[in-house]
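Some structures are shown below for you to check.
Two complexes are shown next, each including chain A; its partner changes from chain B in the first to chain C in the second.
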Partner chain A sequence: MFHRKKSLWLFLLPGLLGLMVFYVVPFLGGIYFSMTDGTISNRFVLFDNYKQVWGNAGFRLGLQNSLVLSLICAPVIFICAFILAVMLRALKEKSIGFRNVLLMPYLVPSAALLIVWMILFDYGGVINRAIVALGGQRVLWLDSGALRVPVVLLYIWKNIGFSVVIFSAALSSVPDALYEFAMLEGAGPFQRETKITLPLILPTAFLVFVLAWVNAFKIFKEVYFIGGAYPHDAVYTLQHYMNNMFAQLNYHHVTTAAYSFAVIVFVLFAALYASKGVRGLDR
Partner chain B sequence: MTDRTLRHRKKRRPIRPGRILSFVLLSLVCALVLLPILLTFLYSFFPMSEMKAFLGTRNNYAQDQWMDILLSPAMVSLRQHYSVLIEKPVYLQLFFNSVRYTLAILAGQALVIPMMAYALSRFRFRGRDTLFFIILMLMLLPFQVTMAPSVLTMRSLGLMGTRWAVILPLVFSPFYIFLVRQYMVTIPPDLFEAAMMDGAGTWRSFVHMVLPISKPILGAAAALSFADSWNLVEQPLIYLGENQALMPLSVMFNQMTSSEPGIAFAGAALYILPALLLYTYFQEDILLGIQLSDMK
Partner chain C sequence: MRKPLTAVLLALLLACSFLPAALAQEAPASLDITVPEEVWMSAAAWHDGQMVFSGSGIWAWRPGEDSLRPVISPLDEGWDSDALSFNVLVLADGETLYCLDYTKGMLFPMTLQEKGFTLGEGVSLDLSALASTSRFGDEEHSYVEAPQQALIHQGQLYLITQTHGPMQMSWSAMKFDIKTGGAPQKLSLDVSVRQLAPYKDGSLLALTLAEKQETAPEFSLAVLSPDTDSLTPLGAAGIPYEYEGGGLAYDPAGDYIYLSGKDTIYRRDAQGETLPCAYITPTNMGSGFSGMLSLLPSGRLLLARPQQLALRDGDPAGLPTGRLTIYGSYIDDTHKKTIQAMNGIPVNFLDRQYFATAQQLGQALVSGEDDIDIFFLRSDAIDLTSLMKKGYCLDLTDSAVLMAHTDSLYPAMKETGMLEGQLLMVPVEAEGQMMGYYSKPMEASGLTPPENFFQLCDFLQQWNDNLTEQASEFIPLQADNFSKTLLNLALSLFNDHYAARGEPMQFNDPLLKDMLARALSVDTRNISPKVDWSNPQEASAAVNSIYNRPNVITSHFSLDLRSLHHTLNRKGRGTTMGFEDGSTYELGHEYALPLSYKEGEPAVTPLRLTLMAINPRSKNLDAAKKYAETLVQNLPDTTLAMINPSMNAELVNPNYQRDLKTWQEALQRMAKSVETAEGAEKTELQRQYDESLESFETYKDDLRVRVSAQAIQYYRDRVENSYIKTWGGMDTLFNDEAIAKLLNRLLQGQMPLEQFLKEAEGKMRLMQLERE
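Now for the complex of A and B:
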């Protein structure tokens, strides 16, 4: 550890400057900005912008959809990633190829996949064929509220590998002897995973959930590719609202919407963190 | 009694039905995961006319109409690839826009991020923990929240509508500062003491010791950052506004393929290819990088 070295500034300054200019200062300045009206006199109006934004149906719809979509994606990713990681562990060294395949989509640009998605989910596409073959009705995937399904699947397809890798790393740190012992005591596979594995990797599990959730807030690309700037109401996200406000050069409402969202996210984090802390005390 | 059972088990190495089940299920899941990528590459070798006709049968709402399931081409053809690479300059133009953004962002990050991570991990100074906490917060905040204020900066700097508006904020991306810092913290302090004994200052320790040791994480950060930059959508849409000439391929791809359906799949395949090559090359590093993003 270096103390009181002048050279610190050489290393720190470029990054610090950039963080300040592009993130921290505008973040703080934006709070004031969101409380002024956009006129030439630039009056201070306190919460007027917030009232207007919250009164806007587009904002509420976008906020609601972003939360709903992320709350569908996060648990699905969490559970599937855990199961996949457990199966990978069962295969030991043979699992490497599978793991590499699962992570691959993370690097693949989703725009390039869109065209295949459109074919699979077309009204006359393979997915509907399968549904009809199983005795169901065709679904209008791309032109109705059902658009949520292909959007969520595209998102999960791309992002699940990331969570699987984090889970796998955590699972490998659980000693095998614990499982042997549990087996002797007569615990079934389901019990072993929920009673031994999950509690032991709880901090990692918490992190996986939070990351999956925060990242799912930004679901937008997937919708934008399929539905454009004004998609079906069921998938109109917060980012759509903000983009459309930008297009109208309404910067005040964009920043106001951003901070409203920030407050909600902070409250959710705090609640999640507190609930985890409480559970930690129980044990 | 238990002792004997244990020894017995060890010798026999129990065959777990779980292993077979895992193998089968994982094979299925992986096949599903690979399917869209394989289809894209497969369809890119179909003749243009066949693909155009195939894509033309989409959005047919007649109850008795189905799209064909195409698996083998009438004839294998490189015509799509030829068309994308040589006949239609639009695609290449957009492709190189994407390349330009990616290279600029990676170059900027290479200059800024290792130095910042070094300062955060190896120097003790006032406010260091606060700074690290701010970086963590910025990293966890949803994109919509950090994006809106930085537009204010772009406007006052007069950068809206230029390439720099997309590039600059990403150069200082908090996630990569965090990631590289997590790795550098684990370098044993003895090494630094030894380097100081040999007369190396902070700069020489950085260049000759820290950078070479950090190679895996730098590779991981570069690969992950490549994946982000190659897939930019939100930032260009906002910062570039209507300036279509500067848009990267990721934003325009959809539009391009609907106007030129015959070459959609070759375009997609060539767009995926650099990402796949990079993935195979940086495989191990990427895994390490993702595991390090686990905050302990």
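Now for the complex of A and C:
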């Protein structure tokens, strides 16, 4: 079609131009910049920065923590969002209100949510009072390695609504007849969801997982607002490293770390995407 | 024979034809003369380009002279103090000089002589419009405001006044007939006139300011008709609004209007186009809207304003190219001297710009947005190392002047500005502060000044236990929260010790744990302020009562050489603390309190450096380098001695005789006032005079030396155990909000000391990991 109708390119040009100027060129420019020495004369140093960054213990710790946080958050969001979406489907029209409520934390700025969260998890906060009431010891949630717990909970609470909305949209496309037939055949709820729903919405499920995982990999501001530039080393993320490098004028290290992260994500998702199911070909 | 003679004549002719040009080149392109601070009240351009100044007496200047010449002082016999106040304004109308005594409301024609003047018959003016009052404590004082400008034109004295109302200042213009005097005729103008100057056809040129609420104020020009007292607008002045400046002059030969601003003189042509025509050195007087701009017979411009008399060519074509922009510093005497040596190149100080981080500054340097050529940074305020490493500072190693200056400094100071053998930043100033104490309250307490951190804790404990009632008028330590201050002090003293040795501190050190534990164990309940925050009024009164009590131990003993000189002299009564209710308290002399972190170790003094660097992307690299070189050559000796270890001799006061004379004259003026006063006023003036005389007798010998060798030696002893505070050291971590939160947790008992040390150590380890 593109060979036959050359005018199509003309219509695509503004969009392509924008894509080039705002995405492709900066992306390629960034690759070049990650191979310079970061001084104002920008001397080309090839892979020196990659060696330095990967050799830096701070980078490796940040990467490791980001990976751990994402591996905790993404599956939890995925599973909880799927269960919630299935439950909401049962409510049919009445589900709209609940869906909106679930989506609300996603729409509220993190800084506002954090204030509530810090009050809840403060040393004298509601959570610690509950723990004491149950006979336990107070926990320094906000100023120790235990910060990981409120951060993960906050992240899940904030982002689950968005995944539920995507799942709900996908679930609505599954024909009811399939469930009726399965029920007649004696399939229970678990079997219906795992044998019918999940295979049919696998591409969407993949998208939800990818988004949840990539976003969880970027957990930063929640920790930064509470723990500052140098929080407890259990919650020091890759973005802390990048942020601190930026403040120290090590822009080349920021870029290098960013491209290293991009390559890791790309490789992982390429591996996942290699599965035919997630591409929807089985449908 | 004829041919050689003709050749010689031709050669002579040729030489003569070049002579005017050569002579013209000899005249300096620009000339700056310092006007002493005590001089400035007014200036008047008289005949042949002479200037007459009034201030503390009358001063004069003729073209060709390089300083102002004192004509008469109010203390001289020729000054009739019955007829004339100390503060007068001088005015000129062509060949006639006038003297306006605005305090007494008299205008006199004045004949100036080489050493003195004679006054003609004066006229009385009703200047009640200038009367004002001010409140000092419960007393209300009446005084007469000096007019902003006084101008005599065609037999009329024009005054522009600024009066301070309860909410705002208001400007007004009035005129008097100088023959009859009497009441003024107020000019009912619908705009605010700021300056007047003679204009064509007998009219006056007015600089007006429309103060619009929604936009920045805008200057305009108008013609004031003396007959109708009405303004005819000429259009926008075309100059930026600046608080300083305001000189206005008209050149009938070229039909040009000249206007002076803060650092530029502008020329407006008949077509209304305004261009910069001369640059002037900015002043640091915050002088307001003042200045006297006049044209010399040679066509050159003469600007007189506080601190400065500047002679310039008023030709836009002759302006020097380039402009230097400086970030991180402000105009002072060192910069002024430097600017004057820069052959008229304008220098702009980015005094309203602030870059909080190296990243922000780096962006500004590279983008060229603010055209920064030279920047000054404090070593502990910003990440100097990153800026140097990333190439944001020009390599100055090839400058012999700058290298010689840097080589002469303390090695640690020199190293701060160097990277891999390259000189990238030039140290120009050092400052330091330490703890101190006041002698009288310390003696009254009967306690010994502490020497280390543990002794300080004991000191506070003893005060809390035994002296709370006995010495309730004092606060033992300058602190809002004693425990918090002690914790912070423990951390910083411990860090200072390691920083001086060039080693990073460790939080998991048993001694640090002991220090923090001791800080936490000090019972400060009796000395801590008891404020009931539930009652705002009582809380406010309680807080005020706390701040009205003098501190025994302070944190602001300055290591500045001038301060050290005065502090170590320990002459006179020492420090007197004044309170709002007018009462005073004698604190005695301030002593340094060098605290070490533990017994047997010397106290460490952190120093801060100010360094100068040049932006490698500057468009005026040569001028910037020349400026930097000139600046280090003009650094005052009191500043240099703090960074140069070889300057150990006392620093004498070059103006000793002048300063002594000024002080003596002030005393004589006081004595005269005492003589003429009566009753209670005389008693009060006599008391003030006696105090001043005692002060003079005590300190007059100190005037000769600005910094004693003893003060320099004291400073050197402190520097022996010091380190340069830099950004990125432990202070960065201490200033981090997260550490402050940890400290609060520790203080509130929410976190055991062991956990605090573990969490803090973790943060420090993260910093180190990033920097590996």
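Remarks
Just so we're on the same page, the second predicted complex is superposed on the first by the 233 of 283 C-alpha atoms of A that agree within 3 Å, B and C clash if a C-alpha of one lies under 4 Å from a C-alpha of the other, contacts with A are read in each partner's own complex, and residues count from 1 in each chain.
Going forward, contacts are C-beta pairs under 8 Å (C-beta built on N, C-alpha and C of every residue); 3 or more make two chains touch, one makes a residue touch a chain.
Please read all numbers here as calculations on a predicted model, not as lab measurements.
Residue contacts after overlaying the shared chain place A:64 against neither chain B nor chain C.
Set against each other, chain B and chain C differ in how many residues of chain A they touch, and the higher count belongs to B.
Looking at the shared chain after the overlay, A:191 reaches neither chain B nor chain C.
Once the two complexes are laid over each other on the shared chain, residue contacts for A:108 go to chain B alone; chain C is not touched.
In the overlay built on the shared chain, the residue A:123 is in contact with chain B and with chain C.
Once chain A of one complex is fitted onto chain A of the other, the partner contacts of A:207 are limited to chain B, with no touch recorded for chain C.
By the touch criterion defined above, A:18 lies against chain B but remains apart from chain C after alignment on the C-alpha atoms of chain A. When the two complexes are overlaid on their common chain A, residue A:275 makes contact with neither chain B nor chain C. Of the two partner chains, both chain B and chain C are touched by A:246.
Residue overlap on chain A between the chain B contacts of one complex and the chain C contacts of the other covers 123, 138, 142, 246-247. Looking at the complex, you find that chain A touches chain C at residues 38-41, 56-58, 61, 123, 138, 140, 142-144, 227-233, 236, 241, 244-250. Only residues 2, 5-6, 9, 16, 18-19, 21-23, 25-27, 29-30, 33-34, 36-37, 39-40, 43, 55, 57-61, 63, 65-67, 69, 111-113, 115-116, 118-120, 122-125, 131, 134-135, 138, 140-153, 155, 168-169, 171-172, 174, 177, 189, 192, 201-203, 206, 223, 226-227, 230-231, 233-234, 237-238, 241, 249-251, 253-254, 257, 264-265, 267-269, 271-272, 275-276, 278-279, 283, 286-287, 290-291, 293-296 of chain B touch chain A when the two sit together in their complex. Residues of chain C that touch chain A in their complex: 357-359, 362, 366, 383, 386-387, 389-392, 616-617, 728, 733, 736-738, 741-742, 745, 748, 750-751, 755, 759, 762-767, 769-770, 772. If you check the complex, the residues on chain A that touch chain B are 1-3, 5, 7-8, 10-12, 14-16, 18-19, 21-27, 29-30, 33, 84, 86-88, 90-91, 94-95, 98, 100-120, 122-126, 129, 138, 142, 157, 162, 165-166, 169-170, 180, 184, 189, 203-204, 207, 210-211, 214, 217-218, 220-221, 224-225, 238-239, 242-243, 246-247, 251, 254-255, 257-259, 261-262, 265, 269.
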